[in-house]
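Report on one structure; see the data block that follows.
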Amino acid sequence: MTLNMDLKALKKEVYEQNLELVSRGLVIYTWGNVSAIDRENNLVVIKPKGLEYDDLTADDMSVVDMDGNLIEGLLPSVDLDIHLEIYKAFPEVGGIAHTHSTWATAWAQACKGIPVMGTTHADHFYGEVPCVRQLTPEEVDGEYEKNLGLIIAETFKGRNPLEMGAVLAPGHGPFTWGKDAKASVEHSVILEEMAKMAKLSMDINGGAAPMLPDYMTTKHYTRKYGADAYFYQEK
Amino acid sequence: MTLNMDLKALKKEVYEQNLELVSRGLVIYTWGNVSAIDRENNLVVIKPKGLEYDDLTADDMSVVDMDGNLIEGLLPSVDLDIHLEIYKAFPEVGGIAHTHSTWATAWAQACKGIPVMGTTHADHFYGEVPCVRQLTPEEVDGEYEKNLGLIIAETFKGRNPLEMGAVLAPGHGPFTWGKDAKASVEHSVILEEMAKMAKLSMDINGGAAPMLPDYMTTKHYTRKYGADAYFYQEK
Amino acid sequence: MTLNMDLKALKKEVYEQNLELVSRGLVIYTWGNVSAIDRENNLVVIKPKGLEYDDLTADDMSVVDMDGNLIEGLLPSVDLDIHLEIYKAFPEVGGIAHTHSTWATAWAQACKGIPVMGTTHADHFYGEVPCVRQLTPEEVDGEYEKNLGLIIAETFKGRNPLEMGAVLAPGHGPFTWGKDAKASVEHSVILEEMAKMAKLSMDINGGAAPMLPDYMTTKHYTRKYGADAYFYQEK
Amino acid sequence: MTLNMDLKALKKEVYEQNLELVSRGLVIYTWGNVSAIDRENNLVVIKPKGLEYDDLTADDMSVVDMDGNLIEGLLPSVDLDIHLEIYKAFPEVGGIAHTHSTWATAWAQACKGIPVMGTTHADHFYGEVPCVRQLTPEEVDGEYEKNLGLIIAETFKGRNPLEMGAVLAPGHGPFTWGKDAKASVEHSVILEEMAKMAKLSMDINGGAAPMLPDYMTTKHYTRKYGADAYFYQEK
């Protein structure tokens, strides 16, 4: 019963956060996908594959176990295995979003990480947003999506994934994550804005990346998320 | 009777897909046109020329035969002959769209094809979106629109047009196609987004086009449209 | 009576076309102004100066004679004299619009005319959209707005102003015109789109302006507006 | 009583102007903040920190004295001390806005002031919008926000702050001000548009900043705000 109740709420959240990607202008057609994990029951809820948002309801969300077996709902997104590997590697992660948002994808297509050029970046991501290595032909011929997930996990080994909730897949686009689905989508929105600003400030600077001093990066990140953070309040 | 019934539905679809170009932000004023073909009766339905969308209804759509003779409705778009030549050359094509959308047109004005820089491109178009050769003064003085259609047909000779549903007319803008009018409009929308990303990733890369490896292009195209495609599902 | 009736209609048109600039995204706050002329009575209707659109009604539109004397309504836009000089120089012109729209203004700020890079341009403006010379300190100290109008008139001497319904004031922004206020606003909208495309296609082309062949320019302009035009139809 | 009545109105204005930043597209999530000052009672009203707009009402606005002590409402924005130093240094200033708007932030990230490239700029800001110097590690470790406010005050020493209602914090973003909160937000909106135009006209000009002649800058600024200004009227 509890399981079913929680699942219903999680499916609703995943459904709504998928729609949030659309209303924020990050996703057209069937592009993009959001998932969330129920850590207690080891179940992942994700957008079904290859269907338009107009055809989907919260009940249609795919529920799978950690091996990708379908528990209920429609067939899961083809990107499921990428999500699963990230969940397996990082117990802190509760939600994952993937988009082809314009500016973040442009950086991914250029195969370049996004260095910290300003406090907008430092307020949300602690350091350069990395672009992982390209997959080999063998990795693509094999379990393509799983291998991309493994490369992401490998890249972040030893890091706190909540301090860097975004990664670029080269030639592909961004994946973002956070403590839940809502946080993962917020990171997608912020990454897109940051990616645009970074490109524009580079241009204004004559092509070179104008770097924010490290002490500014640390100050801005820690005033929001550090041990002595003073940015937020509860109402 | 069947003919009339089918035509009515086709006119409605063509009308709606023309409006879809407007609501997607690809078309202002009277710019752009969408057509569809009834292969059984060899009739083409296309937006009438030189009238604002507010003045048009589904009934006004122009119906012509394969020689361009008006069967019913208002006078057809001046670009009719371009559409007709594409339909004649490619029996697989069921719908065609033409826009002056900003970023795709910028590539067309630069007289450059759009190389595959990412999976967003490879997911929908299998290879570089070609820019055809410019027409000669003689071709422009003659049957201008027909000649442009012939050049497009010539450029795609021997290819499966459904694997490359877009072309750029140099100094002009994009034409896209698909199995029906809806697919042709989707290709216009996706092409515009892709054209923007391609330009931005080139800039981030210092001007050079960052190419997606061929094996990635093939993987992404075929997971959606190949013999073993696993991207879509029916609900 | 007839005069009053016509004036009322003209004031309504000018009011609505001023609002059209806002809804098309070309104008924020009090920026921009549209006027129209009643050639029979030599009266010009123009947006009042220095008031937000929310505070204005059609009745508030300023009516002035050809010397700028206020006949009725609120005080006219500070740019009135620019409009008056254009009306005096070109009897074919029935309406004028001025905006600080982003991309056209960027060209104006660069003090560069916009060359014909594509058929979107050639469909509406027959040749390069000129940027006039900068005013001298003396011209600015004197009757600034009148002098700018005179420079525009001088630049277009001997040309049919309906074939080139746009000009850039250097360091300032675009002025557009047409047979009436609606046409002048359409030219502002199209100019903005064209200015954006031109900049982007230049970038894609490595900085150089990719020119449309002259025979293409002539073909596209004349199929819409030439003696043998075949683009438009009445419904 | 009077105090309470005025405060209520000021809190409403600050609340509405914070929302205006969102509806103008300058702010997402909790980014940005607007404040206003009651000079008679030396009280500042500012957006509370770390809460989404949906969770806030006018009554929640923070009221503080000139030392930052909370008088009523929720805890103030972490940027409060920046606002306070600006109010202390410039008695003419009645309202302050801070955003991370895309284009102005891109200039700030490039650590470059925005030179006067056109009359859109000169109409509202009399000269180059300055980018202040970066804070030292010591200044960041100390009272970070207060120190940024002091640097801004130092940069504007001896100037009339109403003639230059904007500044860029390097690697961070814009702060704007005016006679009241509404004016400060208008300056944020105009700065963003100007920052975009400046970047684009520089690009069109091959990278170099195309400067507006000084006599044009003075003419445009003074026809709106000089002793003999003739731009505005009351209705």
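Think of it as A, B, C and D in the order they're written, each chain with its own count starting at 1.
The definition used in the following text is that a contact is a pair of C-beta atoms (placed from the backbone, for glycine too) under 8 Å apart; a residue touches a chain by one contact, two chains touch by 3 or more.
On a predicted model such as this, the values are computed, not experimentally measured, just so you know.
J.: Please tell me whether the contact surfaces of subunit A and subunit D are same or different in residue numbering, using the over-half criterion.
T.: different
J.: Compute the distance, rounded to whole Å, between the mean C-alpha positions of subunit A and subunit C.
T.: Measuring from centre to centre gives 47 Å for this pair.
J.: With chain centres defined as C-alpha means, what is the inter-centre distance between subunit B and subunit C in Å?
T.: Roughly 33 Å separates the two chain centres.
J.: Touching at least two other chains at once: which residues of subunit D meet that condition?
T.: Touching at least two other chains: 202-203.
J.: Pick one for the touching-chains graph, please: line, ring, star, complete, other.
T.: ring
J.: How do the chains pair up in terms of touching? List each pair.
T.: Those chain pairs which touch are A-B, A-D, B-C, C-D.
J.: In the complex formed with subunit C, which residues of subunit B make contact?
T.: Touching subunit C: residues 28-29, 31, 48-51, 55, 60, 74-75, 78, 100, 102-103, 105-112, 134-135, 137, 140-141, 144, 171-173, 199, 202-203, 207 of subunit B.
J.: Under the definition above, what is the set of subunit C residues touching subunit B in their complex?
T.: So the residues of subunit C touching subunit B come out as 117-120, 186, 189-190, 193, 196-198, 200-206, 210, 212-213, 215-216, 219, 223, 230-233, 235.
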